[in-house]
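Letters A, B, C and D mark the chains in the order given here, with residues in each chain numbered from 1 onward.
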Amino acid sequence: MTVVAARELRDGEIVFVGIGLPNLACNLARATHAPGLVLIYESGAIGAIPERLPVSIGDPSLVTGSLMVTGMADVFQLFLQGGRIEVGFLGGAQIDKYGNINTTVVGDYEKPKVRLPGSGGAAEIAIHARRTVIISRLSTRAFPESVDYITSPGNRSKGKSRKEWGMPGAGPVKVITDRGVLCASDVDGEMELAALYPGVALEDVTSRVGWALRARESLEMVAPPDAEELRLLREVLDPGKLYLKGS
Amino acid sequence: MSEAATGAPGALGIASSKVLSMREAIARYVHDGDTVVIEGFTHLICFAAGHEIIRQKRRDLVLCRLTPDLIYDQLIAAACARKLVFSWAGNPGVGSLHAFRRAVERGRPPLEIEEYSHFGMVARFSAGAAHLPFWPLRDYQGTDIPVSNPLIKQVTCPFTGESLAAVPALNPDVTIVHAQRADAEGNAQIWGLLGVQKEAAFASKHVIVVVEELVSTSVVRADPNRTLIPGVIVDAVVVEPWGAHPSYAQGHYDRDNEFYVAWDDIARDPATLASYLDKYVMGVSDRSEYLTLHEGLTTRLAARDMFCAGVNYGY
Amino acid sequence: MSEAATGAPGALGIASSKVLSMREAIARYVHDGDTVVIEGFTHLICFAAGHEIIRQKRRDLVLCRLTPDLIYDQLIAAACARKLVFSWAGNPGVGSLHAFRRAVERGRPPLEIEEYSHFGMVARFSAGAAHLPFWPLRDYQGTDIPVSNPLIKQVTCPFTGESLAAVPALNPDVTIVHAQRADAEGNAQIWGLLGVQKEAAFASKHVIVVVEELVSTSVVRADPNRTLIPGVIVDAVVVEPWGAHPSYAQGHYDRDNEFYVAWDDIARDPATLASYLDKYVMGVSDRSEYLTLHEGLTTRLAARDMFCAGVNYGY
Amino acid sequence: MTVVAARELRDGEIVFVGIGLPNLACNLARATHAPGLVLIYESGAIGAIPERLPVSIGDPSLVTGSLMVTGMADVFQLFLQGGRIEVGFLGGAQIDKYGNINTTVVGDYEKPKVRLPGSGGAAEIAIHARRTVIISRLSTRAFPESVDYITSPGNRSKGKSRKEWGMPGAGPVKVITDRGVLCASDVDGEMELAALYPGVALEDVTSRVGWALRARESLEMVAPPDAEELRLLREVLDPGKLYLKGS
């Protein structure tokens, strides 16, 4: 997943980075095809080049050696709302067929079965980044037809398209999972299966998604990680396997 | 490098010092029922102040903060809070805040919540700081956040007719900010992550600045662009080295990630959590006694030196 | 102290340098009819850029700026401007801007004006930078300012029902910011007075950063809290030492107050003003030639050293 | 005038300082009875202790050695609108009987006889400072019954009181002139003669004011500058007589 996510990034892009796999993916991209990637963290570090794998998005290693450190008002107003962010990475406990994400509650908001952390900056990343990429392991629990709570809007939410809502960004263009990659339909914004990992059958994916997943006519095959990508991840970027637990 | 105060505040020769002990500062500026903010995004979170609030058994507090973090989990577990106003309630890089979850999922203890996104909280503090009744932002379209929080409203642009989200000003009774250094008047300098400390402080009726290092005013005046919070809005200055542990202070000490990980187990079980508070919070009289319970801490986490060059203020 | 670039930009070994000459930068990013901002509150006003705009004979510009200062007086006299958007049009510490006054009082040359207070202009840039259509402020009650400027409207707070002033976003085509230093990507560091440079730059479609000193990225990265404008929003970097003269650059040179005083006489008479422009602007090809016309300037105004100490970014 | 203005300041107050005489007055107060005065300039210098007489409110000497330097958005939003400024000094080409000030145009706005610089920060200082003090030399031209243009509102403008306008600050409490001091009436906000300089007759003031100036029953006598005040002004603060031209 991390390698596939890293390949989504183009050199020189401005990426709003979340912690965990997105952070690893961004640093892998920097170390391979995208040395000019500018990493922006909601904590206020711009152009960070962390010397160690940051354990949180507020890690001191994101500050030391970065290009700029500014307050959170600037991050949200000038960078995100200002339209300066090209890619945002998002994940969540639940993702639905339009890429709506729930990181707030499982069950009812007032009487939740599981209380999750909430939005943080995810709502505004989903609204303002020019495009977003979602990363999540496949399971029917994580991919219901509709989420219990919309924390971050996808391509269609509450009966309206992004355009009708007046959202500036293009929304989630891809969902990168551990078995295949879903892409947003140009027609209605629904997530469709577009690529499979080597050795994964179509049913391995569809059986783990809570809606009737459409598959594109010609499914692409995801290229496996090459030796250099694996070496960087395992030996340089996350030798302690903080985030790489089988991904 | 800096002219650190080595003796009592009086040693600095400043007439109207605001320097108080943590006990005095909390006793004077934090009252039952108050709206209280201990800000800091991962960086410079003043655990020392939170612990003193627990020791002084404050009740019915309305706790506000973008990222409640472990210190608010402890305040919730210690039954200090009536309500939490927040945008992300997790253990950063680790997982859940279990005391918070028990309160919200099972009402033990009961806790009212008022929830925004980070941008919404930043906007609430910005409005409070600027003495505006609301702050406009492009946010929340298509989400359930304004459904569960009716305080998120809409405002119409008088120029374009567009409808934007609006959040109300947040004006806490007291904000506690941890800083690397300040003078005895509270002119505080912070570097590294700045979070929303400036906005929260300006939004507050009272401000307590807690510092790693009390410095003479000449240190502040030598680099005025570094000052984040001016003394004119500060009520009390508390000198509390390592007061942000287990969070961190850039240039002083690293984050104690081991403790953040350990908290997951401590907080999962109410009895374990209670005995943690008994030993490390109620069982000590102040932060220096807390530090004696953490042998090797200061060597394990002390920052290495990576000084930047100064700049020329001459003319 | 800082790793200044001594040779060509290529000497820094940075692949995608944005470094241009002033001539190239103005030719590429300032066009007839554009909305142009050269900001800086007394400090770091880029006269070098203004002069190049005059030399390239740009016309019909909408010039925006809180304090038009001498450089906009020169641009008005040189007939580059169609309109001025401002909040205080004077010669700071001296008196009037005579070219501005001739244009407004007698239409020579004609000049449209759109007038706010400083807070209103700050608010317009803030809205533009944040991509909001308006900015709310408590201002203008009882004044004639909204009478003479109908773009100042009212907005109603959705929480309290209060009526507040509102100004529209200002989004210039290009903002020119003078800074003490930047790297070849435009990551610019400024100390001393900051004005509204950050807001103006973020509000603009294009940004030109003009610097006293081009530095390697490692200088920027050594003190990231000092960065005011990130390279990601910058289009061009121009290296122009003394480019802010007769205004000043903290740590580099003092304000040339003699020239501010002298301008009062120069600008009072259109013919004298024209011969000033002929000699010092049209008569030179660039800033280095301009400097050769000011013998003794650099010794008279060079700043003395008053370096602050650095801070520790270690962890 | 400068000495009288300096005496208006209490130790420890936060003063929004304009250039010229106000600046001189503030620095005189700092050197005499108010060493704890905090000087704030709209340029962003907080707690300035200028080593030389600043030639503008953006002088580098205001930065060097100050307590804080911040952007102008903070100055206007956090300090001024935030209600942190206790005293503001204002001057102007025209001042009317309610302390409304004109620094914009003499004559009609569209076809001005004299175009003045405009508001700068004066409008918001007049609205937000907890109290303001006006400094101006007396003359019928400078003190008309009503100003040609209200740049900065006084105690009553366009038929409404400050309270009716919802302005936070108390408005101009005093007008310090070169012949006497006017104070705002508690009843209707009109400026009334409250004190005379030594040797100045009542008519010397009333003949230089464009409205029927009310005088208080018992007029105070302004104490003349003492030797120390004069010494500081002439030898230390403005030896080059940049601002002290007979004041």
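Convention: contacts are C-beta pairs under 8 Å (C-beta built on N, C-alpha and C of every residue); 3 or more make two chains touch, one makes a residue touch a chain.
These figures come from a predicted structure and were not determined experimentally.
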item	value
Joint neighbours of subunit B and subunit A, given as chain labels	C
Comparison of A-C and C-D (more C-beta pairs in contact)	C-D
Subunit B and subunit C: spacing of chain centres that average the CA atoms, whole Å	37
Centre-of-Cα separation between subunit D and subunit C, whole angstrom	29
Gap in Å, rounded to a whole number, between the CA centres of subunit D and subunit B	39
Sites on subunit A at which at least two other chains make contact	45, 60, 63-64, 69-70, 77, 81, 168
Multi-chain contact sites of subunit B, meaning residues that touch two or more partners	131-132, 137-138, 162, 191-192, 194, 198, 222, 225, 248, 250, 254-255, 306, 313-315
Chain contact graph, described as a line, ring, star, complete graph or other shape	other
Chain-to-chain touches, reported pairwise for every pair that qualifies	A-B, A-C, B-C, B-D, C-D
Subunit D residues within the subunit B interface of the complex	12, 14, 36, 38, 45-47, 49, 60-61, 63-70, 74, 77-78, 81-84, 168
Touching residues on subunit B, where the partner in the complex is subunit D	15-16, 129-132, 187, 198, 202, 217, 220-222, 224-225, 227, 230-233, 313-315
Touching residues on subunit A, where the partner in the complex is subunit B	19, 42-45, 55-60, 63-64, 69-73, 76-77, 80-81, 100, 104, 109, 112-124, 127-128, 149-153, 157-158, 160, 162, 165-168
Contacting residues of subunit B [partner subunit C, same complex]	1-2, 131-134, 136-138, 153-160, 162, 164, 166, 168, 180, 189, 191-192, 194, 219, 222-223, 225-226, 248, 250-255, 303-315
Residue ranges of subunit B touching subunit A (in the complex, touch as defined)	41-43, 66-67, 86-90, 92-93, 96-97, 100-101, 104-105, 115-119, 122-123, 126, 137-145, 148, 162, 191-199, 248, 250, 254-255, 257, 260, 306
